[in-house]
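You will see two complexes here that share chain A, one where it goes with chain B and one where it goes with chain C.
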Partner chain A sequence: MALNVDRPCGTFDRNYYQAMEIFRTPLRKFLMVAFIVVMYVFAFILDDYLLSILIVFCAFSVGMTGLQIITGYAGQISLGHAAFMGVGMYTVAIFQEHLGFNFWMALPLAGLIPMLIGMLFGIPAVRIKGLYLAFASLAAHFVIVYTINNWRSVTNGTDGMYLHRPAPLLGIDFLIDQYYYILVLTVTIVMIYFAKNLTRTKLGRAFVAVRDNDIAAEVMGINIAHTKVLAFGIGCFYAGIAGAIGGGYYEYVNVEWFTLTDSIWYLGFLVVGGLGSIFGAIAGAVVWKTLDELSTLMTPLAEALLGGMAFYASAAFSLVIYSLIVIVVLVLEPRGINHRWQIIKRSYRLHPFPY
Partner chain B sequence: MEDFLKSIMLGLASGGIYALVAVSYVIIYKATRIFAFSQAGMLVIGSYTLWQCLIVWSLPIWLSILISLAIGAVIALIIERTCMRPLIGQPILAPIVVTLGVMLLFRGIALLFWHGEVRGYGGSFLPLGAWEIGFLSLPKIQVYGFAICMIVIALLISFYKYTRTGLGMRVVHEDHLVAQNLGINVKRIFKYSWIFSCSVAVIGGMLLGNIQGVGLDLDANGLVAIAAVLFGGLESFGGAVIAGLAIGVIQIFAIQYLGALLPGEITMLVPFVFLLLILLIKPYGLFGLVRIERL
Partner chain C sequence: MAVDIRNVAKKREQRYSYGLTLLRESIEKDRDLPTEDEIFKKVILKAEDITISFGGLNALSDVTLELREGELLAIIGPNGAGKTTLLNVISGFYRAQKGEVYFQDQKITHFSSHRIAAMGICRTFQNIALYTGLSVIDNIIAGRHPHINYNFLNGMLYFPWARREEARQRQIAEDIVDFLEMEQVRNTTVGMLSYGLRKRAELGRALALEPRILLLDEPMAGMNLDEKEDIARFIIDIHEFLRIPIVMIEHDMGVVMDIADRIVVLDFGVKIGDGLPEEIGKDPKVVSAYLGATGERVAWKIS
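On to the complex of A and B.
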């Protein structure tokens, strides 16, 4: 994250402690705490339907944050993010079914195994500049889908697998959606906090340096290949965790959930949300999943209007509308919603003056 | 031996179309340095528009092909003018994500208008039957298709080589700013590149629809062609042709000889495993330009 950008004139860091702070002003700290508290309170006041939406928001925010690390911070393109999310889900299912792990033991593995697989596929691609990681991750998508479809003894093929939520802990039964939501929210907050923290570490700054100018980064002594592979690995770790907490909600996983189309929406809505900020990633995930929810709500309406055509129509409309949104937003604002938000904030701050 | 030769023939036949589609990626990459994933969707649109003209409107074949090519060109103009031109000079990610969006937009449009059903051209617009040469039986559909692919590619290569616009395109490929300073209209070159590329993709879509049936799954061929582009080098027509043919042959060989070892459908797996191997061994491809950069 570029420091000092988008700050009002005259706001300086006077010491290292200030420069390293995650939340700069007391107001921001307060708002963040208030937001988190409200999110937790939602568990007890919202019904199961709204909670299911929030759980999906949380899971995809984690996944999108991972893609933000790959794409927004390290400047690489991944076309296999949905597949890695699937690897995370299947990791939990496989370790639970074949090795008798419980959810808590499988959760870190659901991050680590996609990370290893991702780094394996990333290694050939990162030695060279350009969009080669896009091609390698495209290959990863097809290899992963093929493996899941055909390694029937382990993955149950196209039939999908069941996975189980964690056993009751301290009297909290995670089979009830509102407690599972609390678990998901906690994991999400921890993951996003780590991501936010990552951006001010040596590694996070190395990511940004590689993105902005990889030759200059190399001259400064950053090992580009290591940095890119690590960025891709960390991104896949996030994707895997997102898959694990999302799959835990449905308690079922199927290979057909992770299509190339989903990976493209991941990338598209990340750019719609805004590159290079965690807020942008969350905004992208929320926009994407809100649209998903709206199109699900529209389906009965489409059925009433179109009858038997509804199946094609709703699939086609979601493709057309999502892609138009991605295209229009990118053409009008190539830096995403987050950039527009920063402009609005700035113009509010400077109000009587244009700049 | 017999099987071996048959596999090579089959592989070359499908490889010819991969080569054609690979060329359509290369045209745009050469001019604009953007990898236009949308061409995979263009295959679907091309094949469906021909079906619409030929079967639904029962137009004669020559008119149908002309209309499909014209629609392809118009779509190319629209994409170039509305989506790609505003993104010139923006970070490389934005145009790539837009082309991916366009690819899914095409898929959505095809689903909306044609319901994603697999259709046929009511027989074929190329002669049916087969030539018997010794033990080899060559289906005419595939031989003619291969010939059309090669003719189109040869025409394109000679266009780049012998015409003034083609020369301009090669200059733009070297450097946009230098080309602009030499008085070449870079925007017009971009426009021409998109039109050529989309027309080539439409032709590829027609041939694929003729052989495999018109359907949404034709875009898988466009993804396989990505492996060919990478193998040939992102900027080279000759490389794309050789690599396209090679991918076709490798795919058929793998299905023939490894099909017994690997379960399930491996048509998509093989090209992409091959792509990973290329990235490991020769990342810039056979004839790709190794750009030396400086700070």
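On to the complex of A and C.
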């Protein structure tokens, strides 16, 4: 009989609160705190280039967590996730430029407006699923990009818009990258903690119920229409927040950043990370953006090897590598990095024995 | 020697005290359990003249079903007789083309499935329909969905009251796990369980919904004798301790004859029998539906 070995020998729950904890053993709690502290300390020891990578990691982790809620937990495919990230960025920019909001006031709106739009585009999910839903969600991407391109009086069209980082708070100047990184990291940790809470409470279980067996879920008292639309709403809320903190770093936003390719890579690297776990979402985002960075670094190398061809080569290079990674993971570990990580953790717990 | 009836009843309750007590407390908070007077008298569910056809196939024609308080009703019939269709109509999954379903004198024919479930009509499925990605305990807590009273924002922010509520729900779910004797596999994802245990987990999930009526679609299909006896014991315990009326579709005539209070027989979408087990066993129409021939023809075959 298959038993779950989800904690080391001798660790027992003494009450129901203990059974519900995210980190059950003192070691794991300590490691988590240590990890967060190290992430904060990075702000003071890394240079601006490495911090920029970490900021991108954070922003995309939040965005990927949103897609994880839609696709990994609730089982609904969304092919417009990058566009919702763009809506988040543009929301901050528009409210700052036209209505004079500051960053702090615009940040919740950057979540709520994509949330409303996401819920609107989530309505087809009530009736259709699978591949059909993927095509329906494609509409979200094109409608959003078209609107941003053509509503020039508000969005500046293809020229893009400027964002402003938050004004100095308590003597912390967010225009300095390392302080902005601390802000981004804090938002990321809070958002991921909320996502973790969501997935272990009422609505999270309803999401998985709808994913695994929507007919049974309906007959067991879960309103699936409500649940599916909420999944889209919450997922797009995350995408919007991700866009806002990412856009704040560049202090500029352009509609050309949110291509359909990005939306597809979002899904691809979600699978690489592992569907159905928050850790998988973060892993997927980190792998994606690491590859992004590596392929940029490879360009000078490609130039040395290929001479004048380098420009074309490097553009194709990243796509080829991404596709290869996704294919290899699909074949070798369809359940993603998360599953591999679970296996590693399990073998550590069982250490002297193989199983 | 005179037997003190109350004492026997008390001992009987103690027998169940290892499981379901919390669930019963939780049910009693919402409503009173049926009294002795109501049992077998008060009609709680009534499906009237249900007709439904799929294309040219008449799945059910003018079938009337009454379920009384505290009754264990078995529906039997050959394959394709419309038994599952009838349950699907009651639980709002199919819409009847003619006829109405009444639950506690309220017309529920056009209610959506999740609303009917939240009212207390809970069911299990013939083909196991668990949430395969969740563990047994999470499946059972997921079954308590309509009874968890905090909204998703409270869950997301994990406020102390949401945490307390979670713990309370988990406590009730653990109670059900204890009752179903699934303690060892409570944290295993149901996808990894054996068939018998999955059926049991599904029963647990239906129980978690605090059923007012329990609809069981072939709870013992594909099980060996031991497992069948276990499930029969669980069904009787649930029926007696929580006083829930149960509708059960089952093919095993031995079990049906032993535990059912009343039997309804369907054949080709028509109700051909309704009565006590003893009556049904002797009914020539029922016998012919099951044997597929008249007595004469059978006799000819044997000779």
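Convention: the second predicted complex is superposed on the first by the 331 of 355 C-alpha atoms of A that agree within 3 Å, B and C clash if a C-alpha of one lies under 4 Å from a C-alpha of the other, contacts with A are read in each partner's own complex, and residues count from 1 in each chain.
The rule is simple: a contact is a pair of C-beta atoms (placed from the backbone, for glycine too) under 8 Å apart; a residue touches a chain by one contact, two chains touch by 3 or more.
Note that the structure is predicted; figures quoted are calculated from it, not measured.
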Touch count on chain A, higher of chain B and chain C: B
Touching partner for A:219 - first (chain B), second (chain C), both, neither: both
Which of chain B and chain C A:326 touches, first, second, both or neither: first
Which of chain B and chain C A:143 touches, first, second, both or neither: first
First (chain B), second (chain C), both or neither touched by A:267: first
Touching partner for A:102 - first (chain B), second (chain C), both, neither: neither
Chain B versus chain C as contact partner of A:194, first or second or both or neither: second
First, second, both or neither for A:290, with chain B first and chain C second: neither
Chain B/chain C common contact set on chain A: 213, 215-216, 219
Chain A - residues contacting chain B, complex: 71, 75, 77, 79, 121, 124-125, 127-129, 131-132, 134-136, 138-139, 142-143, 146, 149-150, 152, 213, 215-216, 219, 260-261, 264, 267-268, 271, 275, 309, 312-313, 315-320, 322-324, 326-327, 330-332, 334
Contacting residues of chain A [partner chain C, same complex]: 1-4, 6, 15-17, 19-20, 194-195, 197-198, 201-206, 208-209, 211-213, 215-224, 230, 234, 276
Touching residues (chain side chain C, partner chain A) in the complex: 91-93, 112-114, 117-118, 122-123, 125, 129-135, 138, 141-143, 145-146, 148, 150, 152, 155-158, 162-163, 166-167, 170-171, 174, 184-185, 187-189, 192-194, 205-206, 209
List of chain B residues in touch with chain A within their complex: 35, 82-83, 86-87, 90-94, 96-98, 100-105, 107-109, 111-112, 115-116, 223, 226, 230, 262-266, 268-269, 272-273, 275-276, 279-280, 283-284, 293-295
